[in-house]
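Shared chain: chain A. Partners: chain B in the first complex, chain C in the second.
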Partner chain A sequence: MASRYDRAITVFSPDGHLFQVEYAQEAVKKGSTAVGIRGTNIVVLGVEKKSVAKLQDERTVRKICALDDHVCMAFAGLTADARVVINRARVECQSHKLTVEDPVTVEYITRFIATLKQKYTQSNGRRPFGISALIVGFDDDGVPRLYQTDPSGTYHAWKANAIGRSAKTVREFLEKNYTEDAIASDNEAIKLAIKALLEVVQSGGKNIELAIIRRNQPLKMFSAKEVELYVTEIEKEKEEAEKKKSKKSV
Partner chain B sequence: MAATFFGEVVKAPCRAGTEDEEEEEEEEGRREMPEDREVRQQLARKREVRLLRRQTKTSLEVSLLEKYPCSKFIIAIGNNAVAFLSSFVMNSGVWEEVGCAKLWNEWCRTADTTHLSSTEAFCGFYHLKSNPSVFLCQCSCYVAEDQQYQWLEKVFGSCPRKNMQITILTCRHVTDYKTLESTGSLPSPFLKALKTQNFKDPACCPLLEQPNIVHDLPAAVLSYCQVWKIPAILYLCYTDVMKLDLITVEAFKPILSTRSLKSLVKNIPQSTEILKKLMTTNEIQSNIYT
Partner chain C sequence: MALQDVCKWQSPDTQGPSPHLPRAGGWAVPRGCDPQTFLQIHGPRLAHGTTTLAFRFRHGVIAAADTRSSCGSYVACPASCKVIPVHQHLLGTTSGTSADCATWYRVLQRELRLRELREGQLPSVASAAKLLSAMMSRYRGLDLCVATALCGWDRSGPMLFYVYSDGTRLQGDIFSVGSGSPYAYGVLDRGYRYDMSTQEAYALARCAVAHATHRDAYSGGSVDLFHVRESGWEHVSRSDACVLYMELQKLLEPEPEEDASHAHPEPATAHRAAEDRELSVGPGEMTPGDSRMPAGTETV
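Moving on, here comes the complex of A and B:
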């Protein structure tokens, strides 16, 4: 309650912290979990669906948004900030296409978003954007990409990552389970994303939303039924693994 | 003096006391009007902390611990600590409410403990029916700086007994934890302890490192216990989620193995279920974060 809000927005503290940027990263943790996985021929984005109020239209609460035909992103944090960033990124994608007659590379649009975020950590009167984003897609060269940005404006490429609430738990799960076998096929990569989310999502498959991009194909959002099918398959595999374990111990 | 980004000069608070020049200026302007005195008295009355008896809702004539003998006192301050005690301790025995504290300040007004909704602030005192010298306090309201001493007086009295053991549980945001590392790399939530000189038992978690600064009511209780040589320990959970959160509440679990709480806790799996139910009923719909 008696916290000292005596740090001006974009001024360093004596020990070198930018407190507003660090607090913005706390805002990211208030959003529900999002996970991104880079497979061999596929990129997967999975998010924990926020519980929607009874009278609210579910279709207007989306965490996964397409930025262009070949790039999409998932975010965690302040909804309104995300809307602004996504709009700017979408305009930039089209502007780039019209100017140089080539679609943006995933790295280009990630750098654009990260630069935008960084500007807001160094401007007077503004506050940092309170969102982290996972940006996935395929470049013209056919290589799958996954990038993550955070409120400070840094961006890095990842093989798999998670953002939002319980991101640490999901990341630890991915560190243990992201193997060459796990991403060998498209289905395996999708299952890995769902398994990672099931570690932290409270009521199972019906609270998970999934999107994939395959090489040279547009973004595909999974329906609830399709997600359920994968969840059932995962549960079956789990049961069989447990049966084998108990047989071995006997 | 410190300069803010916009160029204003802000006087940084100085604990050495005010400078001499200022005192002279203050004395000149100090002639108080009767209206000012009236307003000040009204405000003091409004900010009074009252301890009420449960059944009759009348104020207690003496302090709580002078009226009832106490060997063990567990105080939970903040909604996560309160949820922990509700699920793990209060469900493992029969607790009877002996009184509640009523107060008002700019941040909160305490509600009646009989028809509480989960979001309302309250401060209730309970004792164990099978062992009435074991007390419990659940305080989910904010007690302002000027009210903390009143709260202590009404609860402990002006000359407290020394043969009781106090355990305080509270939460604090991880950004309050002083460290060279970035807060993002800390394994929050995590538990730290701070104890008075007379507390001889071992703590179930590491002690809070220097600068070991604690705030608000927990600090007031700990200071009071240190001055009166009462053994007391504060378990402080640093978390990155200040609202009611399952993982934060579960971070208090190591305390269940300490001497003061071990005898009070019976059925841990059942308590975990009760805690989960408490969480789901408290989920507030918000569209700010996605």
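Moving on, here comes the complex of A and C:
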């Protein structure tokens, strides 16, 4: 039955599905994991770096992009689709500043991206964008924000979320471990993001890319070394926690 | 939908955030003739001439204006209101062509209201000024004449912008617009301080407009006074310009008891005394917060 309703995007199935949109969501699930965390004074984005071919220049594969000085996003899904969306979002950020003099709020640019995605679910001859995005940043009033959009064009605000491959596992980890203590300091929030990714990423810190925005500061991408430092710290903490446990059980 | 493409039909822009400026009703401009020359030859003499002022101080923004709408030498309306509210925290003083000002303010109100509904908060005064100047600059060269000061209180406190229909947009602390503005500037520049009290600010604004109406033929009627505070705008008073001016002059007249001893010498040395008084009027006599202003020779 499904095959009769997934040809054209503009057709609903009898039970109310838009199959193209759902297939787009499947495409997102094939992309590498991205996690976003909203701390008290910091927002963190972490992505799983896909292993590159030997001859490929690693720097050209970027999954975390700045949309403006105070907003950035990470995506999961089709890289080419993401490039188009990011470009439109960047233009919108500047147009907003031109017309209205104020920088965009995180919610505004999220809504713009979501509206863009929705348009493509309701146009003929076009397919939806095959990406989900995590958009983070600080507004003028200093409040940190994290939003997630999906191919259908809906968006929601989150305290912490994950998208892409193994998003479910990461989200469950976050639900268990996102506490007021966990985000109490900037370092703790960063460690939480890395810990969440380590749950699903093979071969540890080498395959993690991290970026943060602190209030009133531009996006900071972490170098591999800095990520390694955090990973070693996390592993040390784990060992100590295990030692304590084994002591208790004795 | 293929038919839609073939016919090149576009649905009207009804939805969401758009970086494009609003089309402002899409008013058509007559083709083939240069509007400016056309208006100069055939057009009505549009209403110009006014005194409006606005200044920003610690407790908000004061906007004051006269109420005379003149059309050349004909007073079209002696009691018009030249301060237009845009929303709870934004006022605009208008000068130039009354019709243009009224229309563009309605367009600005619409824009701001739409943005408020979409964004969940009102745009800042800077945004409003930017929108207004951008909308009007599209009609540049078509004889639009709107010179306005946007006075508002937003997240960054009291804000004041001057917007002109050629697209000029300036932020400042004091603006006076209109044919009576030189006279008002004189008074304002003398008495303005950011740390004034509210009463001092009211007195300064009334004084400036009253003096402008005294000297400028196209300003007169009454003096409207508005105050934009953190809680919103408020119409403080409307006082007759002539009465206000007389009251200001009375404040300058010396007290009768003080004068008794000087009564006799005064008439004899009237002219010289007047000249001396004029010369001696300087920074020393003007104390901040004093609504009395340097007098002319009228008491003689």
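The definition used in the following text is that the second predicted complex is superposed on the first by the 243 of 250 C-alpha atoms of A that agree within 3 Å, B and C clash if a C-alpha of one lies under 4 Å from a C-alpha of the other, contacts with A are read in each partner's own complex, and residues count from 1 in each chain.
One rule holds in what follows: contacts are C-beta pairs under 8 Å (C-beta built on N, C-alpha and C of every residue); 3 or more make two chains touch, one makes a residue touch a chain.
Just so it is clear, the structure is predicted and the values come from calculations on it, not from any experiment.
Trainee: Answer with clash or fit: chain B and chain C placed together on chain A by superposition.
Mentor: Pair status: fit.
Trainee: Return first, second, both or neither, reflecting whether A:124 touches chain B, chain C, both chains, or no partner chain.
Mentor: both
Trainee: One more residue to check, A:53. First (chain B), second (chain C), both or neither?
Mentor: first
Trainee: Touching A:159 in the superposition: chain B (first), chain C (second), both, neither?
Mentor: A:159 contacts neither chain B nor chain C.
Trainee: Please determine whether it is chain B or chain C that touches the greater number of chain A residues.
Mentor: B
Trainee: For A:90 in the superposed arrangement: first (chain B), second (chain C), both or neither?
Mentor: After superposing on A, A:90 lies clear of both chain B and chain C.
Trainee: So in the superposed three-chain picture, is A:23 touching just chain B, just chain C, both, or none of them (first/second/both/neither)?
Mentor: The first partner, chain B, only.
Trainee: Have a look at where A:214 lands relative to chain B and chain C in the superposition and call it first, second, both or neither.
Mentor: It touches nothing on chain B or chain C.
Trainee: Least CA distance chain B-chain C after superposition, rounded to whole Å?
Mentor: Chain B and chain C, overlaid via chain A, are at closest 8 Å apart by C-alpha.
Trainee: Both chain B and chain C contact which residues of chain A?
Mentor: Shared contact residues on chain A (touching chain B in one complex, chain C in the other): 10, 124.
Trainee: Okay, in this complex, where on chain C does chain A touch?
Mentor: Spelled out, the residues of chain C in touch with chain A are 1-2, 15-17, 19-21, 115, 119-120, 123-124, 126-127, 129-131, 134, 155.
Trainee: Over in the complex, which chain B residues touch chain A? Could you list them?
Mentor: Residues 2, 4-6, 10, 107, 142, 145, 173, 175-176, 180, 182-184, 215-216, 240-241, 247, 283, 285, 287-290 of chain B touch chain A in their complex.
Trainee: If you look only at chain A, which of its residues touch chain C in the complex?
Mentor: Contacts found on chain A: 10, 91-92, 95-96, 98-102, 105, 107-108, 111-112, 115, 123-125, 140-141.
Trainee: Touching chain B in the complex: which residues of chain A?
Mentor: Result: residues 1-3, 6, 8-11, 15, 17, 19, 22-23, 25-27, 29-32, 50-51, 53, 61, 63, 75-80, 82, 124, 165-166 of chain A touch chain B.
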